[in-house]
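One structure follows; several queries about it will come next.
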Amino acid sequence: MAKTSASGRPSRLFRNLNAKIAAIPMILTACVVFVGFSAWTILHSFTKSRLLPKLDFVGTAQYERLWASDKWLISIQNLVLFGICMLVFSFVIGFLLACLLDQKIRFEGMFRTILLYPFALSFVVTGVIWQWILNPDFGVQSIIRGMGWESFTFDPLNNGRIVMFGVVIAALWQGTGFVMVLLLAGLRGIDDEIWKASRVDGIPAWKTYLLVIVPMLRPVFVTTLVIVTAGIVKVYDLVVAQTGGGPGISSEVPAKYVYDQMFLNQNLGQGFAASTMMLLTVAIIIIPWAYLEFGGRKRG
Amino acid sequence: TEIEVTHWWTSGGEAAAVAEFAKAFDATGNKWVDGAIAGSGGTARPVMISRITGGDPMGATQFNHGQQAQELVEAGLMRSLEDVAKADGWRDIVHPASILKSCEIDGQIYCVPVNIHSQLWLWLSNAAYEKAGVPVPKDWNEFVAAAPKLREAGIQPLVIGQQPWQASLVLQNVIAAIAGPEVYGKVFNEKNIEAVASPEMEKAFAALETARELATGSNVQEWNQATTMVINGTAGGQIMGDWAQGEFAIADKVAGKDYTCLPGLGLAEIVSTGGDAFYFPKVDDPAITKAQEDLARVMISPEAQVAFNLKKGSMPVRGDVDLATANDCMRKGLDILAKGTVIQGLDQALSADAGTQLADMMVQYFNQPDMSIDDVKKGLVDILQFDS
Amino acid sequence: MHQSVSVTDSSLSIRGLQLSFGAVQVLHDVSMEIGRGEFIVLLGGSGSGKSTILNCIAGLLDVSDGQIFINGRNVTWEEPKDRGIGMVFQSYALYPQMTVRGNLAFGLKNAKLPKDEIARRIDRAARILQIEDYLDRKPGALSGGQRQRVAIGRALVRDVDLFLFDEPLSNLDAKLRAELRVEIKRLHEKLGNTMVYVTHDQIEAMTLASRIALLRHGVIQQFDTPDEIYRRPVNLYVAGFIGSPSMNFLKGRIEGEDFVFNSHRIPLAGYDGRPRDGEAILGVRPEHTGFRTGTDGVTAKVELQEHMGAESVIHLSLDGQRFALRTPDDTHIPEGTTLSLTFDISRASLFDPQSELRL
Amino acid sequence: MEARGPRPRSRISPRSIMIYGTLVLVAIYYLIPLYVMVVTSLKGLPEIRLGNIFSPPVEATFEPWVKAWSQACTGLNCDGLQRGFWNSVRITVPSVIISILIASINGYALANWRFKGAEAFFAVLMIGAFIPYQVMIYPMVILLRELGIYGGLTGLVLVHTVFGMPILTLLFRNYFSTLPEELFKAARVDGTGFWGIYFRIMLPSSLPIIVVAVILQVTGIWNDFLFGVVFTRPEYYPMTVQLNNIVNTTTGVREYNVNMAATILTGLVPLLIYFVSGRLFVRGIAAGAVKG
Amino acid sequence: MHQSVSVTDSSLSIRGLQLSFGAVQVLHDVSMEIGRGEFIVLLGGSGSGKSTILNCIAGLLDVSDGQIFINGRNVTWEEPKDRGIGMVFQSYALYPQMTVRGNLAFGLKNAKLPKDEIARRIDRAARILQIEDYLDRKPGALSGGQRQRVAIGRALVRDVDLFLFDEPLSNLDAKLRAELRVEIKRLHEKLGNTMVYVTHDQIEAMTLASRIALLRHGVIQQFDTPDEIYRRPVNLYVAGFIGSPSMNFLKGRIEGEDFVFNSHRIPLAGYDGRPRDGEAILGVRPEHTGFRTGTDGVTAKVELQEHMGAESVIHLSLDGQRFALRTPDDTHIPEGTTLSLTFDISRASLFDPQSELRL
């Protein structure tokens, strides 16, 4: 302030000091919770911790056991099946519904609310309701049989081979509305003139959606994909509430495996090993995305 | 002093039983704060462990005794009841002694056993057999023989819930009853691999296959849903522990008249003991420490034992009480307990880890018709090796 | 109004167009007859209904009443693609994930044109618009001007007689706008098709149009050649809208052959019209005002001079009222100088203060 | 000139029949579970056992609702859901407020005060959003124990704040980057500092995204079971724990009507919030959430 | 470079400013000395670094190197609010949830000024900008021009010596832009403070600036009065940038006193500069080109005429090359007419084709 001589350049550290202070919760969460806890988990996955975490290392024994376990393999299969079904159906249905709602229709708000309300319910509630509706003794099956189609069989929750589809039905009911809203928001952001241009060009609406709009919505799809995938990987409550992993262990999922190992089997080490595998998978999927999203290009 | 007690006894009969403890405890001038968490141990246990390790322990908590709490004890988080036990002579009054043994770690007693569950029962619906026109079976063999008749009458011969532990209970039953207590002990306590291949075990495995056949078509999840089917006669029988009795009681069914119970599948006079116990986390507050002692004493007191176990449908942990009001089935159990063979339940014999693995395998067996009995044998050997 | 017009000689004919959005009427009885090869500019302020008319012509909006004929055919209820029009948008509206070639071909492929015909048309359009070098780039890799050219190309390949432009240049900066304006004019001369061009920029309107339709609140104020609109605006609004800086307005009275304003009498000899005695407003454009330093006649004080290199605008205070004056002379005139003004009455306009119409 | 061309398109075209038809069918599918819940909750137990789940109650009874709200037992406590309801309120309100406050400050710092490394932390945060919660329970217990806030509301609020942070920060960051940067610059020139800009410029103009955040957090936290049960004492157990106790409590015959009533009661708060602010939700999503 | 400059006599002094975003250097050694009361316009194409310089001056960006002095004080590392500046933005950047009065008062309240002082300043600014009537409206209820005025008012109430404008008018339509341009000029004359104004519109630059800094790729090309930049552009880029339509360039050679172009010899008598023999480019502005119908001397064919009411631009083809010509005469000249051109050499420029510098 006094002299024009020295550069007076303040230290880098103190520029934006307030912003850095404000970001402390985020930094702590990122470092302590997400990085720190993950590291802790990975470390303990090499131990034979049982009820309590202990640092007596057993090398990769937990992993060997993990991959020899039927239950784990089934869990993985189920997750993949569930994930693929969820992604495909929730995106296809969600997008179709978003397109329908985008047609300047009347009562849009009402339809939107109806499609979205299940999202407000917890997975536990969703699981309970759908368990009830899919129950062969008084649910859909018995209704249709009652209407005269005696041989009708739709009993996913008691049939290990198709039980995951029963879970998918419930999960779709719960989550498609949200996908739809995200995509609808994306559609609303598209320049009206694109539509006009395609109409003048004589492109049928479905073709415009498929060839023009979908590619334009790419960033929205990516965001939605991230959100949906995060939910898929974590799926637990729904399965517990709806099938409890049954019949038998045919609807086990990794998150449940982790939980069961840690708290039912009292074998923390094994649970940690399983969660480490989950972390690894997630990282393989997400890190390239995160890199593209936050690292690669500079924001303007 | 208020003391919080956590447990996972929330079903009708269980809750009524717990209320007896609470009543007795409140009578000592303390106050029982109930911390029930429904579900099973799987839901409740992480909460209990978290709270104990998280430094916010409850006053007392239910655990299945056995190996479950051992690490907590080793970590010094649990309070030793040795003083109380010595003073009150628990070692003398608790019968069978093995029940208290499982509370003992390094010579100290850490828990109060509150009941004995006998897990080896076949429950039969008299109404179902009446309807099918066959007499109520007296043992497993008759039960198997009557099954086709039941099928004809549109009745499910055997109902097994789809939860893993129910499946392993069936295994435990057939081995203990058909292969016999010695073989059972060799297999599960000694983890003797050769015993698995013994001819006695072959018979047991054969019975297991039969059980799977009889259970085909049963599609309930929970044990009490299965029991309900027996109660209203849509199923012939269920293999379940004595806690099923609570359900019969609530439905106002009378043992011997409406339903029949066959201990040891009607073939052997054995009980396998398993039970619940209460542990007491270490706390600093002397008032609570005192209350914990009060609670421990209340739980093992004859009066509370009688009241509790009548409601719970289980047997008291002390031989010196008289269950005059016990019903037909419980009498059978008590008799066997007094004179027959006592074997250790799987909870005690196996680690939780091995137990769950076994259960997972068994439930798979019951659900996948293409899984052969040889897979079970092999799996059993693996699990035993793993646990030894 | 339009009963006896023969249709075949006009390329586009709009008759009694009405349009309401809900309760709000946006277009009021808009009628236009547009000849083949004309360049029509729809000019007006924001919200005056320019885009709405264009969208009606294109078939992107359903009219509430009235009819639209293109090449003598009633297309009022036809699909946009069947009307034989090409359209260019303000935001370019290119399909972002397709190459330039893909953008140009998309509509044609959809119309199931043969491959070689498509290639031929794209080549031609690319040559005309000089976008041959970018044909394989995506729109994201093009500059604003190039994108605009591609957008025009998309209309061009449709091989239609009627082009519709909705403010095609307003997203570009001034310099580029001036350049593309000339290009569009050249293009029109080369193709000779009919164009309807929406803008709110009067320079574009003046330089491009063969006729301008000046709109206000959904009503056509004047539909005439640029020269006519510039010289003989039908009313005050048009007079003020066209020209930059705006026309200067002086309130006064007409008395016989003179316009009396304050204490000055300005002879109306040579005025193009039939003024009647009474209150009137004299409108003189800045560029039709002469000056010299001096204190006789109508005088005004210099307040500010804007130098523009080739010319300058002098802002004056004429008896307290602002008055602008435009001159090709850029020499500086100091603030406060008193100028004596002369008006070119032959190019001035007189308006009735009540009806606001030109006298 | 008589020819008027084809008549104007009629209002009821096959196209709109298809659109509305599809939508109505889908809407019915979506409403069925709710219908079943409501209908079941109004029936008596015998009727449930006999009838089918879709038939309306012959004799509507509010008994199950009363029971679910104030009589259903968990262990020895037979006061239904009502206690859990107030606990849920006590948990949800501070958790929602604090988590949104912190996440919006983070988003603001990320969007407007970019400093070196900020994006890296944010990327870690986003990856963290995928980690199953089960993995976090043990270390979290240890952390809370070390901080001395295990078991109380503070700890639970912290847990919700931490786990809500990734998605909320993303929302706010994206939203704030869509606000004109010049607004922020103008405020700096006007002498407002970091916090002044946040509280007086950014926060007041972020209503749409706050609505989204509130909805997401209220539903998330209200519906949470795992954290509520693991990180608190029974005196703070939220409504979902009570619901679990009622639904999972197994007396011989399941009281489906009570279960359903309890389920609806538990879901009522988030449902209400959706029904009331669904419109704002979509607008807010459009305003900030869906941009990369 | 800047060691010996005395600071106190200039209002704003920028010395050796460098700025990089990551690896990209955006500003290259930018230095300017700006006197009290000057109106400086930063002119340049998109991305040339205009806003970046302005943000550095305001303290909204941290410089990589160099210093900034305001009123003789080194403010390089001071907070924006302490620099004594007011700033006006392109998007107005009004606080949407506050009334106009709140917007104006916001900065003052932050500075903890007494209430009556705040009221006084707001009154004064509102009077100057004629926004008294809107003081209690929110920005959403104002038109574009009114918002822009409020934005200026926000700078005004800060009572500072240095105003920074970042394209304040480019969101407005042409007519309003012209009006507000004049108002800003008036305002400057009234207040007499120093202004730094960013624009890419050369008309704004020419009419407003006391000096223009013409930027390209973060380097100042020329920093001089509008007149000087218009008359004697230092290089081809500047010459082409200023003026609309752009200057015409003719490639040829200088031979003694003449510029030889194709087969024509154009005498260079009166040229303002010291041309040397050799290759050269002659730059002539459209408005400095005379014409008459005829076929002698340099001839060109009319391709297109743009009528603008008060004047017209004639686009010609001169031996196949495009050539534009501006004339205050708007009479129509038919396409194809051959014109004979004369150039006002005293206002033309010659450039070296290699260095592109003016000779």
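Think of it as A, B, C, D and E in the order they're written, each chain with its own count starting at 1.
Going forward, a residue touches a chain if its C-beta (ideal position, glycine included) is under 8 Å from a C-beta of that chain, and two chains touch if they have at least 3 such contacts.
Model, not experiment: these values are computed from the prediction.
Steps from subunit B to subunit C, minimised over paths through touching chains, total 2.
More C-beta pairs touch across the A-D interface than across any other pair of chains. Annotation: 54 Å between the Cα-based centres of subunit A and subunit C.
Measuring from the averaged C-alpha position of subunit C to that of subunit D gives a distance of 54 Å. For the pair subunit A and subunit B, the distance between C-alpha centroids works out to 38 Å. Per-chain CA centroids place subunit C at a distance of 27 Å from subunit E. Those residues of subunit D in touch with two or more other chains are numbered 137, 244, 247. Under the contact definition stated at the top, the residues of subunit B that touch 2 or more other chains are 46, 53. Multi-chain contact residues, meaning those touching two or more other chains, occur in subunit A at positions 15, 259, 262. Listing the residues of subunit A that touch subunit C in their complex gives 191, 193-194, 196-204, 207, 211-212, 215-216. Residue ranges on subunit D touching subunit A, taken from their complex, read 16, 19-20, 22-23, 26-27, 29-34, 36-37, 40, 48, 52-54, 102, 105-106, 108-110, 113-115, 118-140, 143, 161-162, 165, 167, 169, 177, 193-195, 198, 215, 219, 222-226, 240, 243-244, 247, 256, 259-260, 263, 266-267, 270-271, 273-275, 278-279, 281-282, 285-286, 289-292. Every residue of subunit C that touches subunit A in the complex is listed here, in rising order: 55, 58-60, 79-82, 85-87, 89-97, 106-107, 110-111, 154, 158, 166.
Of all residues in subunit A, those touching subunit D in their complex are 15-16, 18-20, 22-23, 25-27, 29-38, 40-41, 53, 97, 100-101, 103, 105, 109, 111-125, 128-130, 132-133, 138-139, 142-143, 146, 173, 177, 181-182, 184-186, 188-189, 219-220, 222-224, 226-227, 229-230, 233-234, 236-237, 254-255, 258-259, 262, 268, 271-272, 275, 278-279, 282-283, 286-287, 290-291, 293-295, 299. Those residues of subunit B that touch subunit A in the complex are listed here as 41-42, 45-46, 49, 53, 68-72, 75, 162-164, 167, 219, 221, 351-353, 355-357, 360-361, 363-364, 366-368.
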